[in-house]
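Before we start, here is the structure in question, set down as structure tokens.
In order of appearance the chains are A, B and C, and numbering begins at 1 in each one.
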Amino acid sequence: MKARYLSILGKLMLGLLLSLTVNAAEPVTSGSVTIPNPPKAKTNFSAEQPCVEPIDVMRRSHGLFLKHSRNDTMRHGMRTSNYSLVTCINCHVTSDEHGNYPSVKEGTEHFCRSCHSYAAVTIDCFQCHASHPEEVISSKVNEVSSIKLDSLGTPNTSP
Amino acid sequence: MAKAKFETPEFRPYPVIPVIKPGVMKDSRSFVSKPGMQESLGYPGELVDNWQEVAINKLGELLTKYRSLRVYLDTCVKCGSCTDKCHYFIGTNDPKNMPVGRQDLLRQVYRRYFTLAGKLFPKLVGAKDLTRDMLDDWYNYFHQCSQCRRCSVYCPYGIDTAEISMAAREILDAVGYGQKYCNEIIEKVYKIGNNLGLPGPAIRNTLEGLEEDIKDETGVDVRLPLDEEGAEVLFVPPSADFFVEPHVDGLIGYGKVFHQSGISWTMSSHASEAGNFGMFIGSYENMRRVSMRIREAALDLKVKRIVFGECGHAWRVAYAFLNTLAGPFDFLDKRYPIPQHICEFTYDLIQKGALKLDKSANDHRRVTYHDSCNVARATRMGHKPGGQFVIPREVIKACCNHFYDMPSDTIYDETYCCGGGGGLLTDELMEVRVKGALPRMEALKQVTDDHQVTHMATICAICKSQFTKVVPYYGFDMDQIISVHQLVGDAIVLNVNEV
Amino acid sequence: MGGGNKEALMGFWTTFYALSFYVATLILILGVGYKIYQYTKTPAPLKIPTTPAPLTTGGVVIRMLLEVILFKSLFRSNKWIWLFAMIFHGALWVILLRHLRYFIDPQWVIYPIWELVELIQPFGKYASFAMLFGLLGLLARRLFVERMRYISSASDYLMLVLLLVIGVSGVLMSFVTRTDIVQFKAFMLSVISFQWQNFELSAYQMPPDSMLLVHLAAVILLMIVFPFSKLLHAPGVFFSPGRNQVDNAREKRHVAPWAIKQFEAPQT
């Protein structure tokens, strides 16, 4: 039951976002109230499920998943494939028609940033990790390494 | 020493917060006022039939007249900060003598009749009906508060139980359930002119006698003038100064100071009392009526200045309220504070070098100083905050070689009341008076042990009367209590200024 | 209730919470506003500052700030109460600031303000533990110190319990059960900008998380009881004559309108 409800809700939300999409990364507005409009992912995780977990689980707990996988990786030396930041980025961060990736420091177009700036949550992942899909890293080494380590606070992606 | 029906508290080896003993002081009760006294103050002679209604209405009226009452009844968060600060709680352990416990007697009724929460959910918010038991609790416990304001120093909102006590007493008066001690005294002021009921001729006699005494002792004609029109200063002492020991030695001291200052002065038989018990019963009207006598005397005698003698709550009414109640004093000399305290007056003369003081005259005394509660926490002397602590000490130090302060948490604005202020200086309340003196007695014991202090000086008529009566219960001698102006009077070298 | 009804249910909760929020805000503002009006209108007929008191208005402002920010009198009185009170109130303010993020659309404010809101987040998140610690300390004192028990009524305990419920549900939501922040913010912004039509869209509804429902219910209750309870100490402290009066009784007459009417009117 819960799964059915979740999928309905997920589809509804996606549908809503899509139907309101004018310009893929601009926030959408209903009345005067804005909500973020993260760019659509490149692929679905499976036929039933758009992402690695149901959408509303992802919306609540992606921060926890990433934090856990970080701890597992760093403390226990294991990489869990399901919740890998790199995989998230690869699928979710999309380029414009010129092949340029949005900045994670400004604007609302970067997938992570679209919501994080709305909710006033700073992201520290990208002090070390790449904010763009892996294949471009080699060609844009300079740009990535120029991201300054100036984010404040502790790793913080939860509410 | 009077025979006690109660036990004098033991000195505590170290300060502990007492455990509570609910109800131990429930029956400590001063006499209820008589119909005649009630009526001459404008109140019903005895408890009216519809007292409950009258009391609630009176509370409602006071809530619209006094912001203090309204705000204080609303804001208490029951943080407990004040619970161990009242000398009456320390001495008696009765939780209704904790400041917040005392306030709650009125607050519970306020909540029941004046707040939504108390009307709807009385149990939940501790709201209570005004029953006869509650009324008696009001009478008993609001007459176990000396209105000393010590609690207000420590309350995060400055909630002053004295304000609550005053309101409660005014309500009690309004239903015809006043206290005899206070109301009798106010009646005497109206009928005779002072708290002790000394008629003008008696005062004149006493003063003449005292002048002779001074002459015999010093060979100098120090005058103690009464009703002399055209004097520069109207001097208003508490009436106890006219003949009670040790007060009267203070009066001789004032006389010598005025004599040396060369400033003409007079006392008044119309305003022969500095004290104003109108404050104790919380009555603006009576306090104003008592204050007006001073204005009238100042006008009649055509003086330029008003100076008050050593009296604690009198100084509060004079310093903080006189201008409001009986002002404006446009006819007085604006170069001097209106009114002025005798300690300010003496201190100014000392500063100017106008008094010659021989400190060695007090060498047989090792002195400490008791800050009177109302002077400390409701008034000022001089031009700086805290002058009320500095100036009397400076006066004492100018007259004595041996001065020692009591422990720091018992002086200045943390001073403990003597235990007899606020309308409690009556024999029926001896138990609460003796017990309430405990913290001050402990502090005195400490300086006695540490510095061999022999005398405790003070500037309040009530403090002096209370201490002389209760110190024997704690193993001290009543002669150890002394007026600040007795120290001055003894040290002053007369006549040096005279040509 | 079948799963299919859950959406309808959230629709109901959305409406319910939105309405309660309006009602609670009205009660809070009108109630506290009325109390402040009442305090302002009630005269203080006599000068009663607890002395030593400042001689100037500027001095009074400093005295008041020391009381309101540092709880100076409480510090002189009792270090334990002071410690718990400081921790609780300090944390409370930080947490309140952190919650600004639900009420401000970044597009409404200039960037530096939003940056401050971002900056406060991690502090606010951990301040919640400090607040719980302070509250537990105050509750323990109230429960275990005999004098405190004597002066406490049910409402005194319940107030602490209510704040604990708010704090615990908030912490659980932050660290364990989680909720959809973006969706909740969309709901909250719609509420405060009166965009009720948004509630038709599930992206603007209350997220269906029980901890959030508990948290908000407790907050709404707190807002409602505020003007009728001892929480009036927050505005009340500024009106305390013992603390806010200038010590200048000898220099200035200070007569209340009712006293003039009663005693002086015939003469003027």
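In this section, a contact is a pair of C-beta atoms (placed from the backbone, for glycine too) under 8 Å apart; a residue touches a chain by one contact, two chains touch by 3 or more.
Because the structure is a prediction, the values reported are computed rather than measured.
Colleague: Per the definition at the top, count C-beta pairs in contact and tell me whether A-C or B-C has more.
Modeller: B-C
Colleague: Chain with the smallest distance from its CA centroid to the overall CA centroid?
Modeller: C
Colleague: Compared with subunit A, which chain's mean CA position is the farthest off?
Modeller: Most distant chain from subunit A: B.
Colleague: So the centre of each chain is just the mean of its C-alpha atoms; given that, what is the distance between subunit A and subunit B in Å?
Modeller: For subunit A versus subunit B, the centre distance works out to 74 Å.
Colleague: Can you compute the centre-to-centre distance for subunit A and subunit C, using the mean CA position of each chain? Integer Å is fine.
Modeller: Centres of subunit A and subunit C (C-alpha means) sit 36 Å apart.
Colleague: So the centre of each chain is just the mean of its C-alpha atoms; given that, what is the distance between subunit B and subunit C in Å?
Modeller: Once rounded, the distance between the two centres reads 40 Å.
Colleague: Spell out the part of subunit C that touches subunit A in their complex, as residue ranges.
Modeller: The contact residues of subunit C facing subunit A are 2-4, 6-7, 101, 105-107, 114, 117-119, 121-122, 125, 173-175, 178-183, 185-186, 189-190, 193, 195, 197-198, 201-204, 209.
Colleague: If you look only at subunit A, which of its residues touch subunit C in the complex?
Modeller: It comes out as residues 1-2, 4-5, 8-9, 12-13, 16-17, 30-36, 56, 59-61, 64, 115, 117-122, 152-154, 156, 158-159.
Colleague: Applying the document's contact rule, which stretches of subunit B touch subunit C when the two form their complex?
Modeller: Interface residues on subunit B, with respect to subunit C: 17, 19-20, 22, 63-68, 70-72, 74-85, 95, 98, 100-101, 104, 115-117, 123-126, 149, 152-160, 163, 284-285, 288, 319-321, 323-324, 327-328, 337-339, 376-380, 385-386, 388-389, 413.
Colleague: Where on subunit C is subunit B touching in the complex?
Modeller: The contact residues of subunit C facing subunit B are 35, 38-39, 42-48, 50-55, 67, 71, 73-74, 76-78, 81, 85, 141-142, 145-148, 150-156, 158, 225, 228-230, 232-233, 236-237, 239-243, 247, 249-250, 252-256, 258-259, 262-263.
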